[in-house]
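Both complexes shown next keep chain A, but they swap its partner, so chain B is in the first and chain C is in the second.
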Partner chain A sequence: MKVIKIDKNEWADGVEKLHDNYRLIGAVREKSYHIFATLKPGQKPEMEYVNSRISPKYVIYPQSEIILECSMDENDEDYKVYHEPGDKNYEEKAVLGVRPCDADSLPLVRRNFDTDEYKDPYWLQAFETTTLVGLACDAPCPSCFCTSAGSGPYNDQNLDIMLVDNGDHYLAEILTDKGEKLAGAAGWDKDTEQGAEDSIEKRKTGAESKITSKVNTDNLANQSLLDLYDATIIWEKAAFACINCGTCTYACPTCWCFDVQDEVHGRQSYRIRNWDSCMYPLFTHHASGHNPRGTKLDRLRQRFMHKLKYYVDKYEDGIQCTGCGRCVSLCPVNIDIRRICNMMNSYDPESCTCEVTAS
Partner chain B sequence: MENPYIPYPVRIDEIKTETEDKSLKTFKFVFLNPEDEEKFAYRAGQFAELSIPGLGEIPIGIASSPTEKGFVKFTVFKTGKVTSYLHSMKEGDIMGIRGPLGNWYPWDMLEGKNVVIIGGGFAFTTLRSSIIYMLDPENRKKFKDIHVIYGARSPGMLLYKDELEAWAGLDDLNMHITVDGTDDPDWPHHTGFVPTITEQEAPSGTEDTYAIVCGPPIMIKFTQPVLDKLGYTEDRIIMSLENRMKCGIGMCGRCNIGKEFVCKDGPVFTLKQLNQTPKEY
Partner chain C sequence: MKSYTEKIKEISKGLLEEGKVDMVIGYRKGSVPLMHQPFFAQNQQEIDEFVWDSNCGLNLANYVTDRQEKIGILATGCNSRNIATHIVEGKIKREQLYIIGIPCKGMLDRHKLAAMADGPITTVEEDEEKGTVTISGDGFSETVDKTEALQQNCSICVHRNPVIYDELVADEVKEQTRDEVDPYAGVKEIEAMSPEEKWAHFDDLLSACIRCYACRNACPLCYCPLCFVDESKPQWVGKSIDPTDVRTFHFLRAYHCAGRCTDCGACVRACPVGINVRDFTKKLEKDCFELYGWEAGMSTEQRPPLDTYKPDDPEEFIK
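The block that comes next holds the complex of A and B.
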């Protein structure tokens, strides 16, 4: 790994140059919060913010995406024969300032879209053409718990470049070929002064020490799936408050569920994939009227069991969460995944009790 | 990269109304591109997504048998948006089929065994596929005794009536047809619910006997204690599930029962497997 130095004025010039080769996506302020959006030439990504309100997962997995199209005119060759849309454009794009927790969500989501039997061509092509320029987190928010969720404020495993803010300049770790290529295109190549790696290490330790909230996950794999499923002490109270709004699932960088709908516009039919949410009754509603997850307890339980038990058992590589804390801070009724996780981890089926920890 | 969302284009070759209330029709499809039929190689018990451009897709069990060549058949109950539209379509119309999807009945495991098929109502489609498959001269010798117990509300609600009658006349198949009730004094078959007929007619559960059970939840609920009594263990009771589906390939996230997807890890499960998952079906 190479570390280079990017003065902040060179950063701005380099970003401008990147417009020639990349669609640039960065954080911009909208009302009282930040979102990731496509940057226009001359527009700079904001770097001084805690985290975006919703994750940048849409860059690779759009909220609504046409997956197939065909003609509804019988004179056309593709009359009622669905095929990939002709105008799919997988241009090179770069996300500037993405946080490590959001980048770390991508390999988790990839497990869903890239399997031995089936590959989702849309997710994979969008992923392959994306370069992730991350920004190490020095100012975590109180709901962050990345360090105990398999991620961390300086986690660079799933980034192509990681920037570390060092006053008047960034120290930039060039981590992959994609990162090398982007740094080249931006003209960033200045050597660092001695001790750069030490100062990254020092900042990392400082950042990690600021994250005080955490989840205990060590016992989740040992718990019996059906015991947790039947642990009403965990589900009843949380479900009582839950209004099934789905905010958690839309804000979450690791939620991947989707719906498929057909729409006809003029003489063209489109098959469209849209983000969906396990919080909604229609998600599992049979045409007969039967609903296997017909109560909001069923639906709330599905979300937490999926992330913290089904996923854990299926892939044997930790939880389906990177600790970004969005669902904690955005939930209108204060349901806290950290508390639920700690309850699941400590649940004792003999006594039906949990060692409940304060959130 | 093969795109798993693209259906094979097909033409509706034949439509047959199956039941007296006209709620069930069997559609025979022919692939527009003959090479797609080879790509669609399937086993009895699998399902496919029937795709109607502009409306959507529905997951339906494959009713034809892999031993029947040149077409695929699906029997569809008219119930929602897509199935209602499908019921209004005509022979010659173009639509799509995506699949085959999911797993199949465990044919390798069933070789050399007695097979008892228990079906009710319109959940008989993949069971038809299975019976035709087992009765194929190449395959019949692979299985020992075959029993079929199939029931519907009334004679007019039975699927595949001509075939049922033909099977009832065979020596190498024990066919038990039943209806809940009928006012036909000459009805030659059983009258009574499927669990009752199962108790009377099914062979006892042995190490070499497997039951495949498909039907409405109420039938399954009352058949299970009968099978217990007859000595069938939970790993010798095979069931096929249905859940709401979209993608059919284990990605969209809605049809799971615990960590298993009905679309990809199922739809066929043993009762033993189901006893280890939440009952979200």
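The block that comes next holds the complex of A and C.
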């Protein structure tokens, strides 16, 4: 790994140059919060923001995406014959200032879209053409718990470049070939002064110490799936409060479920992939009319069991959560994944009790 | 209102001990600032978790829909009006409920306070004597008048006291009158806009919508077993985030609430992206007030105006 120094004025100039080769996506202020959006030439991404309201997963996995189309005009060759849209554009794009927790969500989501059996061409092409320029996170939210969820404020494993804010300049770890290429296109190549790696390490320790909130996950794999499933003490009160909206799942960087809909607009038909949510009554609603998750409790349980038990058992690589804290701060009825995770981890099926933490 | 908590616990304990109810619905302390959790208590230990302050801004009427138990429920002015609406619409029976009335002084606007703060809020302190709210976090602390920090629907509320109840937790609070506050000032501003300005206003209003349906699901009126947006035979509305479909959802939902909405503000409070959903519902509330002299949920006897027909219904507006 190479570390270079990017003065902040060089950063701005470099970003401008990158417009020639990349579609640039960065954090911009939308009313009272930040979202990730395509930057216009001259527009700078905001770097000093507390994480974006909704995760940037939609850069690679849009909330609504046309995956196939056909004509509904019988004179056309593609009359009722679905094919990939001609205008699919997988141009090179770069996400500037993405946080490590969000970058760390991508390999988790990839597990759904890239298996030995099935390869999702849309997700994979979008992912492969994306360069992630992350910014190490020095100001975590009180609801962040990345350090106990397999991520961390300075986690660089899933970034192409990681920037560390060091006052008037960034220290930039060039982590992959994609990162190297982008740094080259931006003209960033200045050597660092001595001790750069030490300052990164020092800042990393400081950032990690600010994250005081955590989840306990060490016992999740040992727990019996059916015991957790039947643990009324975990589900009953949370399910009562839950209003079954999709806030948690839509804000989440790791939720991957989708629904496919056909829509006809004029003489054109579109097959659209939309994000789905396990909170919704139509989720897993069978054509027979039966829904194995027919109640609010079933749906709430599905969300947490998927992230914290089924996923844990299936992939044996931690939980399906990177601790970004969005669902914690946005849930309108304060269902806190940290509390639920700790309850699941500590559940004792003999006594039907569990540890209840404040958060 | 913090002082209400002990009284709420006392009444709730009595209700459970005497077997008058099977559960009491209230709030327990949330794990993040400005956000308590709707909660039901069935024993003394659970009752001890009850809390009441200015962060209880959802609508508890949403939690009694179609329930069969005997229920004790906390109810502010707007919550009680939604309970009355539920009774009129057959979603719960009056005799199933023991309504613990809360004279309400308004709820804090979590979106507004988050926007005011210079970073993530870690603590919120309310000084009831001074009438101030202090929000603080890493490196900042800001004190504002509570009147500045209230949800907009609360600051213009003219029914702070419950309209139906079995027992009050405190003396009634002074009501604001329509002379003191104009509940429709916001609507009038939009009404005064040109069609182009209105289009731009609503376009901007809904631009951030992610169709998570938090507004719909937080609303006690939205109890349809299958919402029109979820129907597929026929499919009334597309499910993507196409702006036409997003608008259709919001417009139709608002119309379904016409004459039934109590302006409780739960929709706005629940919205993760801070959309003022009340821009739709408040206009319809105003129309119902002006056309029919109707305010929703003021009695358990009368059905909402758009739900009934009378030969002498006003009709000047039908042209």
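The rule is simple: the second predicted complex is superposed on the first by the 357 of 359 C-alpha atoms of A that agree within 3 Å, B and C clash if a C-alpha of one lies under 4 Å from a C-alpha of the other, contacts with A are read in each partner's own complex, and residues count from 1 in each chain.
The rule is short, and it goes like this: contacts are C-beta pairs under 8 Å (C-beta built on N, C-alpha and C of every residue); 3 or more make two chains touch, one makes a residue touch a chain.
Since this is a predicted model, take the numbers as computed values, not measurements.
After superposition onto chain A, the modelled positions of chain B and chain C are compatible, with room for both.
When the shared chain is aligned, no partner comes close enough to touch A:T176: not chain B, not chain C.
In the overlay built on the shared chain, the residue A:Q261 is in contact with chain B and with chain C.
By the document's definition of touching, neither partner reaches A:N216: not chain B, not chain C. With both structures placed on the common chain, the touch criterion links A:T129 to neither chain B nor chain C.
Here the apex is the CA centre of chain A, and the angle it makes with the centres of chain B and chain C after alignment on chain A is 90°, in steps of 10.
Look at A:T247: by the touch rule set out above, it reaches chain C but stays clear of chain B. In the superposition on chain A, contact of A:Y229 is made with chain B only, not with chain C. Touch criterion not met for A:N166: it reaches neither chain B nor chain C. Once chain A of one complex is fitted onto chain A of the other, the partner contacts of A:A139 are limited to chain C, with no touch recorded for chain B. Superposition on chain A places chain B within reach of chain C only down to 6 Å, the least C-alpha distance between them. Residues 259, 261, 263 of chain A touch chain B in one complex and chain C in the other. Within the complex formed with chain A, the chain B residues making contact are 1-7, 9, 32, 51-57, 79-80, 83, 94-96, 242-244, 246-247, 249-259, 264, 276-281. The touching residues of chain A, when paired with chain C in their complex, are 30-33, 35, 50, 53-54, 63-64, 139, 141-143, 237, 240-241, 243-247, 250-251, 259, 261, 263, 272, 274, 277, 280-282, 328-336, 338-339, 358-359. The touching residues of chain A, when paired with chain B in their complex, are 67-68, 70, 72, 79-84, 112-113, 115, 117-121, 124, 225-226, 229, 256-264, 269, 271, 276, 278, 283-288, 292-293, 298, 302, 305-306, 309-311, 313-314.
Within the complex, the chain C residues that touch chain A are 30-32, 35-40, 58, 62-63, 111, 114-115, 119-120, 122, 137-138, 208, 210-214, 216-218, 226, 230, 238-242, 269-274.
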